[in-house]
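Here is the structure we will look at.
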Amino acid sequence: MNILKLGLPKGSLQEPTFDLLKKAGYRIRLGERSYIPSIDDSEIECLLIRAQEMGNYVADGVLDTGITGRDWIMEYESDVVEICSLLYARGGFVPVRWVVAVPENSDITEISQLRGKRIATELVNYSRRYFEERGVHAKFEFSWGATEVKPPKLADAIVDVTVTGSSLAANNLRIIETILESTTVLVMNKKASENPRKREKVENIALLLQGALNAEFKVGLKMNLHISKLEEIASLLPSLHNPTISHMKDENWLALEVVIDESRARELIPVLKKAGAEGIIEFPLNKVIY
Amino acid sequence: MNILKLGLPKGSLQEPTFDLLKKAGYRIRLGERSYIPSIDDSEIECLLIRAQEMGNYVADGVLDTGITGRDWIMEYESDVVEICSLLYARGGFVPVRWVVAVPENSDITEISQLRGKRIATELVNYSRRYFEERGVHAKFEFSWGATEVKPPKLADAIVDVTVTGSSLAANNLRIIETILESTTVLVMNKKASENPRKREKVENIALLLQGALNAEFKVGLKMNLHISKLEEIASLLPSLHNPTISHMKDENWLALEVVIDESRARELIPVLKKAGAEGIIEFPLNKVIY
Amino acid sequence: MNILKLGLPKGSLQEPTFDLLKKAGYRIRLGERSYIPSIDDSEIECLLIRAQEMGNYVADGVLDTGITGRDWIMEYESDVVEICSLLYARGGFVPVRWVVAVPENSDITEISQLRGKRIATELVNYSRRYFEERGVHAKFEFSWGATEVKPPKLADAIVDVTVTGSSLAANNLRIIETILESTTVLVMNKKASENPRKREKVENIALLLQGALNAEFKVGLKMNLHISKLEEIASLLPSLHNPTISHMKDENWLALEVVIDESRARELIPVLKKAGAEGIIEFPLNKVIY
Amino acid sequence: MNILKLGLPKGSLQEPTFDLLKKAGYRIRLGERSYIPSIDDSEIECLLIRAQEMGNYVADGVLDTGITGRDWIMEYESDVVEICSLLYARGGFVPVRWVVAVPENSDITEISQLRGKRIATELVNYSRRYFEERGVHAKFEFSWGATEVKPPKLADAIVDVTVTGSSLAANNLRIIETILESTTVLVMNKKASENPRKREKVENIALLLQGALNAEFKVGLKMNLHISKLEEIASLLPSLHNPTISHMKDENWLALEVVIDESRARELIPVLKKAGAEGIIEFPLNKVIY
Amino acid sequence: MNILKLGLPKGSLQEPTFDLLKKAGYRIRLGERSYIPSIDDSEIECLLIRAQEMGNYVADGVLDTGITGRDWIMEYESDVVEICSLLYARGGFVPVRWVVAVPENSDITEISQLRGKRIATELVNYSRRYFEERGVHAKFEFSWGATEVKPPKLADAIVDVTVTGSSLAANNLRIIETILESTTVLVMNKKASENPRKREKVENIALLLQGALNAEFKVGLKMNLHISKLEEIASLLPSLHNPTISHMKDENWLALEVVIDESRARELIPVLKKAGAEGIIEFPLNKVIY
Amino acid sequence: MNILKLGLPKGSLQEPTFDLLKKAGYRIRLGERSYIPSIDDSEIECLLIRAQEMGNYVADGVLDTGITGRDWIMEYESDVVEICSLLYARGGFVPVRWVVAVPENSDITEISQLRGKRIATELVNYSRRYFEERGVHAKFEFSWGATEVKPPKLADAIVDVTVTGSSLAANNLRIIETILESTTVLVMNKKASENPRKREKVENIALLLQGALNAEFKVGLKMNLHISKLEEIASLLPSLHNPTISHMKDENWLALEVVIDESRARELIPVLKKAGAEGIIEFPLNKVIY
């Protein structure tokens, strides 16, 4: 197989992407001020590229595959194949939202009122398309950042990215509409995706990345129980998980093991203890693949 | 159920408390300069409060429950219910000590010699009670910190908190008596503790926090062994732990699994290896609940 | 047994050594600006010592045992017993190399051309011996560091330590020969090594350190499978690993567990999934002892 | 003369006070974690003390003189002699204000409405006196800091220190009254102030500190002008400043020199240039003593 | 007069611009995360804006005047009035250069060879105009930064900004042509510039900013000399500087004062001393206005 | 003239040396991780070298001149010409001292008692000569730093560098003798010093460096006074300073200007004010050349 050229996103997605790749099993090293990370897989060559530029370099074939935000793929209408979506973004393990926001004390409550107004945004193309599909023509101006401080002097409204909305609120802006929810995506060049070996390689990377993402929210749980309590305790466990059963040295005892959502563990542990489970231990996971 | 109002300690206990809550399964986020952490449990509302002030806010019912040092509960004689003690403090997983210290070259060797002297401390009330119960009247002065630099010019003695005593020694002070050992405690408002649902909720939190604390000092241990060595190797394991036994593909071999103290693992592993255990692995735990 | 005096290397090896000891199960604390770390084993006393000085302090019996680089042992020809080699160094889990380097544009391609030249190095003795055993007499000058900037003005060549060679390349130097590959070693005083209890203690430390190093590159893998697929899936697993087999509540299903190289997990997981393994989880390990 | 014991304020006033003393001509050095700064005047001994504690240590004679905030002198009614006020504080070269603040959406608009309410503050005594002199009895509670986050849950109102009010506004608090404006002061022990040599020494320190403070806002200005323009240009200069006049080598030219407010320089320089002044230079000053 | 709306450049020019304004006599304060700096001149309102966006906001009249790089004015062909150029930029008190660079080992030596090639740059419009005026059509691609790492994979050549060229060299790029030298400029809205009071205000700001820039490279020099040496020593001083002459208490001595280039002081001082000047002092200047 | 090769000291002397050169009028820039600082004098080439190595490189002619500590010149008995001494060192504008120190509780009070003992030091050669000239033979061991923690386990005494002695005291060491006081020196290669142009160049650098050092402790002082007070006020000024006298616009007033020690200004200003001086200003100096 030829080398697979993989683009990694420089900027706010860089650190979470590197962390995720590490959990997926790749050791990546980036020299100071370098743009060519090394990776411990001789079939892959990495390049660090701005998330905004990723889609076009993948579409052009300069890269075979890349990790970036779906928002930038849509902004530049990059002609690529989406292999999978990865639920993490700048703000954690949740999507980011691109929203239309206006000054808190403005009368504007829907985008049709923005007809003819100045709207500052880093997402000029997508925003214009979204507005025009709804029959609203406005003046979209590219903003180099700090977009949230522009209204009301430098813009009538903005289209900006947010997770919790708190930075918008702190600048006295009110959200009137969400025009795009975006997560990270793994995309692939069209022609490269028709090469079976490259395609399989990228799908395996996707499998490992998703396995690592799943593990962020899962834990393993083991407990000991008297053989007489098996049915009762098994019935408390999430129905989809068929627990593993081991024997203990004392033959009247069994050990049960399941994988559950970390957020369920808080509720389940006291209940299991009350039902007679003993020696309950919770242990961390690296990857979970369904 | 009404919302449970939980106080978290601001200051030196803040970071270890947040870490422990995370291990217990709670995701807490604190905005910069905010005092209202968010928590991913819709039945709980958090408030960040100085450890010194916690007891009274819980006693008054402003908070239902709170995490603070037992020293501050005793200083202010806060009328609260102690749900459990949690063995961690400023200095790690050990209690802190409040000690009486005097200049190294002073003649004083016991507290009775401090009668009438000036004593600087952040723990004025408890210290005065402790001295007076022993018939020693002295002049206790509140100190805003850096107490250890006050003798001999600004005080004759101090009552200060310490873990290893090294900061006292560095200031040429000699410890003459320990008047209080203190760990972190989870306390509850009296009236709230009579509400069964709130009480159960707090006890479940206690169970998870203690489970996370236990895991700090425990590890899982697995090993493979020939079936003929089961009795010998099982006898080496801590008697209270009934090991889990699994089969291996080769039917003459078994796999044993136990949870042991991390500090025992160091000694046990060489012994187990010598007794014929193979492929010994040690793995980390998130929580251990007896 | 008398106390075992253990030297820990100050400088670039300090942080990886403390990390490794922690994984091996020792809790070490180092006060700011202190040179006497505390350790939670009452039979051990630690001392923080420059790696360069370690060998002689162990040889002299000031220390019973110490962790340092093999390079410094060879430089000073310290008369010590090497208990084991530990595959980590300044640059990660790989050996460092001491190399002879000359200016990129020099005509020199082998060390015999350095006869009579000035060679700057921190490793004067070993380098001189190496050259003289090959019949090359040169003028070796001790360098206090920043050796790589000395040629061509202050030296004709250097002997310097490197992992990737990039710092040498950045200073326009060309490597012409590797004269020493070095990893970290655990060494022991000769006389102390004849004391059976001290010797056993040190060998147990070695066992735990190597167990922790092994775990850097290993993970645990579990998966569920239909009983009919046992042979096929077992055949995919590394042949030396006899997997552990547990039953599941649904009797037609089994759970398999193995320990494998982390770098293999990337390839194996997609293959196992394709072969019918379900609910594959990967979990981290603290120690692996063969 | 005996040594003059001078207290310097630890905390937010520390850095501006050290800067000012340096400009006044004193070289002060403070070892890390030390509380006894050295000073290059053999007649002075310094001690670093919390601003809150300064007044009483000066009143008691532990210190002869000290620099602190007037607020803390008034809080503790320390019986000291105020030598001079120094116009700087935590927020720059302006006074700080202690204000009464209530939740933005509260109905309270004047302090009489706070009768019987809970008021949190670090300035308990002064606040209580201020309120009681106006016939308002309320419950004042000492706050360990972060006072601005206490209303409405933990207090009905607060008395807090502010410069711009922005931190209060950010916590949704509304100022209803200023109860104290405070600057830094140089205070002296009563008895020490009757010792003529000590008194003179402290007054000289005051003169130098005020000279350094004055220089913060003054600059020197020099310019060359044709002899024929002397009257016109002199008339443009601030009337109180009798300019210094020097000759130039060309006898038809004069050089004028004045000291002016830095904030005036911005306006004056263009005007002077228009009036024919040439080679205008502005130079910095260390001290200005009227 | 109406308020003058002044734009200050966010980004790499921000810190040197704030420093320069401070030397010019303006006290500017910028709250954390704010974009509206306060200034101690009630006739001015500041706004922090990306240097790239400044020109258009000034041209549109959103701002009356602004400080930015001339490069961005030319890139966007902003229709503004240039009040003065200010000789400082990202790299110190020198212009920056926008250069065409190609891989070191490429055959390209002049821009005509770039016909049809891919050129990455942040300065797309200006670059395209420059090339097309010289009859060279190429494919200019906007680069979001880190432009210097793009050749040869992602671009055939780049147009990038540089001071010393070292970052280009470090990325193995060779400069083939400089297409723009740029310094900072103070620009004004056309219509605002016809308002006499606004125009005068901006010109006065320009005068003070240039006065502060001049002072970066000038020092004052004073010396004492015997009256007999006046002619000789005066002849050594730069001819344009007519020295100020003062008398000394001893009537046979004079004091001379001049302002000279700091870089001349190094050479002049030894010469003046040799010629008999005594008590030579050099003093710093805040502003120098010719 | 050939280029003058100037060595600058890397390490603790680096920052104060660069500061001093800047005050002397040289603009030096050092790229990150570079060892070849650029200087704005085309006749000088700089090289950054460890202070310990400087003497020999100057003696060998690799460098024409260099700035280092006199201690290292004496340690290595470098055969160089000392051009001037510069009163600054690691600890400020005072010499450093090399002292012999022993454990606080040792019986040793003079160096003769160290006969045959182990002495750890970075200054092995000088120390041995010093001891042997006094008839004391001891075992000197080179120490890589942190020398002060070696006694009593690793050494019986040390020879270490100190300014205030506080680090020694903190390690429970007692100074028994000072064996060397050292300041920074400007040294020159013997042969280069016979080249008149190089010699003059280096002497001019020395003049400027000393001028800048002098200015650290000097300030300018100006004041206005009524003509009737000239004699009285002039008599208060340091006798060696013949003040400059200028007229004021009001002919009954004079302006006096002198340069004095900064440390004298503190005392003189109150006295001058009392004697009738008005409008006293103090201004900073860059250089003072006698």
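As written, the chain order gives the labels A, B, C, D, E and F, with residue 1 at the start of each chain.
Methods note: contacts are C-beta pairs under 8 Å (C-beta built on N, C-alpha and C of every residue); 3 or more make two chains touch, one makes a residue touch a chain.
All values derive from a computational prediction rather than experimental measurement.
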Co-neighbours of subunit F and subunit E - touch as defined: D
Per Cα centroids, the chain farthest from subunit F: A
Chain whose average C-alpha position is farthest from subunit E's own: B
Self-contact between copies subunit B and subunit C, residue sets same or different by half: different
For subunit C paired with subunit E, centre-to-centre distance based on mean C-alpha positions, whole Å: 52
Whole-Å gap between the CA centroids of subunit B and subunit E: 59
Approximate Å spacing (C-alpha centroids) for the pair subunit A, subunit C: 36
In subunit B, residues with contacts to at least two other chains: 246, 283-284
Overall pattern in which the protein chains touch one another (line/ring/star/complete/other): other
Chain pairs in mutual contact under the definition given at the outset: A-B, A-C, A-E, B-C, B-D, C-F, D-E, D-F, E-F
Of all residues in subunit B, those that touch subunit D in their complex: 10, 35, 47, 50, 52-53, 57, 62, 144-146, 149, 153-154
Touching residues on subunit D, where the partner in the complex is subunit F: 24-26, 31, 40-41, 203-204, 207-208, 211, 215, 218, 220, 234, 242-246, 257, 259, 283-290
Touching residues (chain side subunit C, partner subunit A) in the complex: 166, 219, 222, 224, 246-250, 253, 255, 262-263, 265-267, 269-270, 273, 278-284
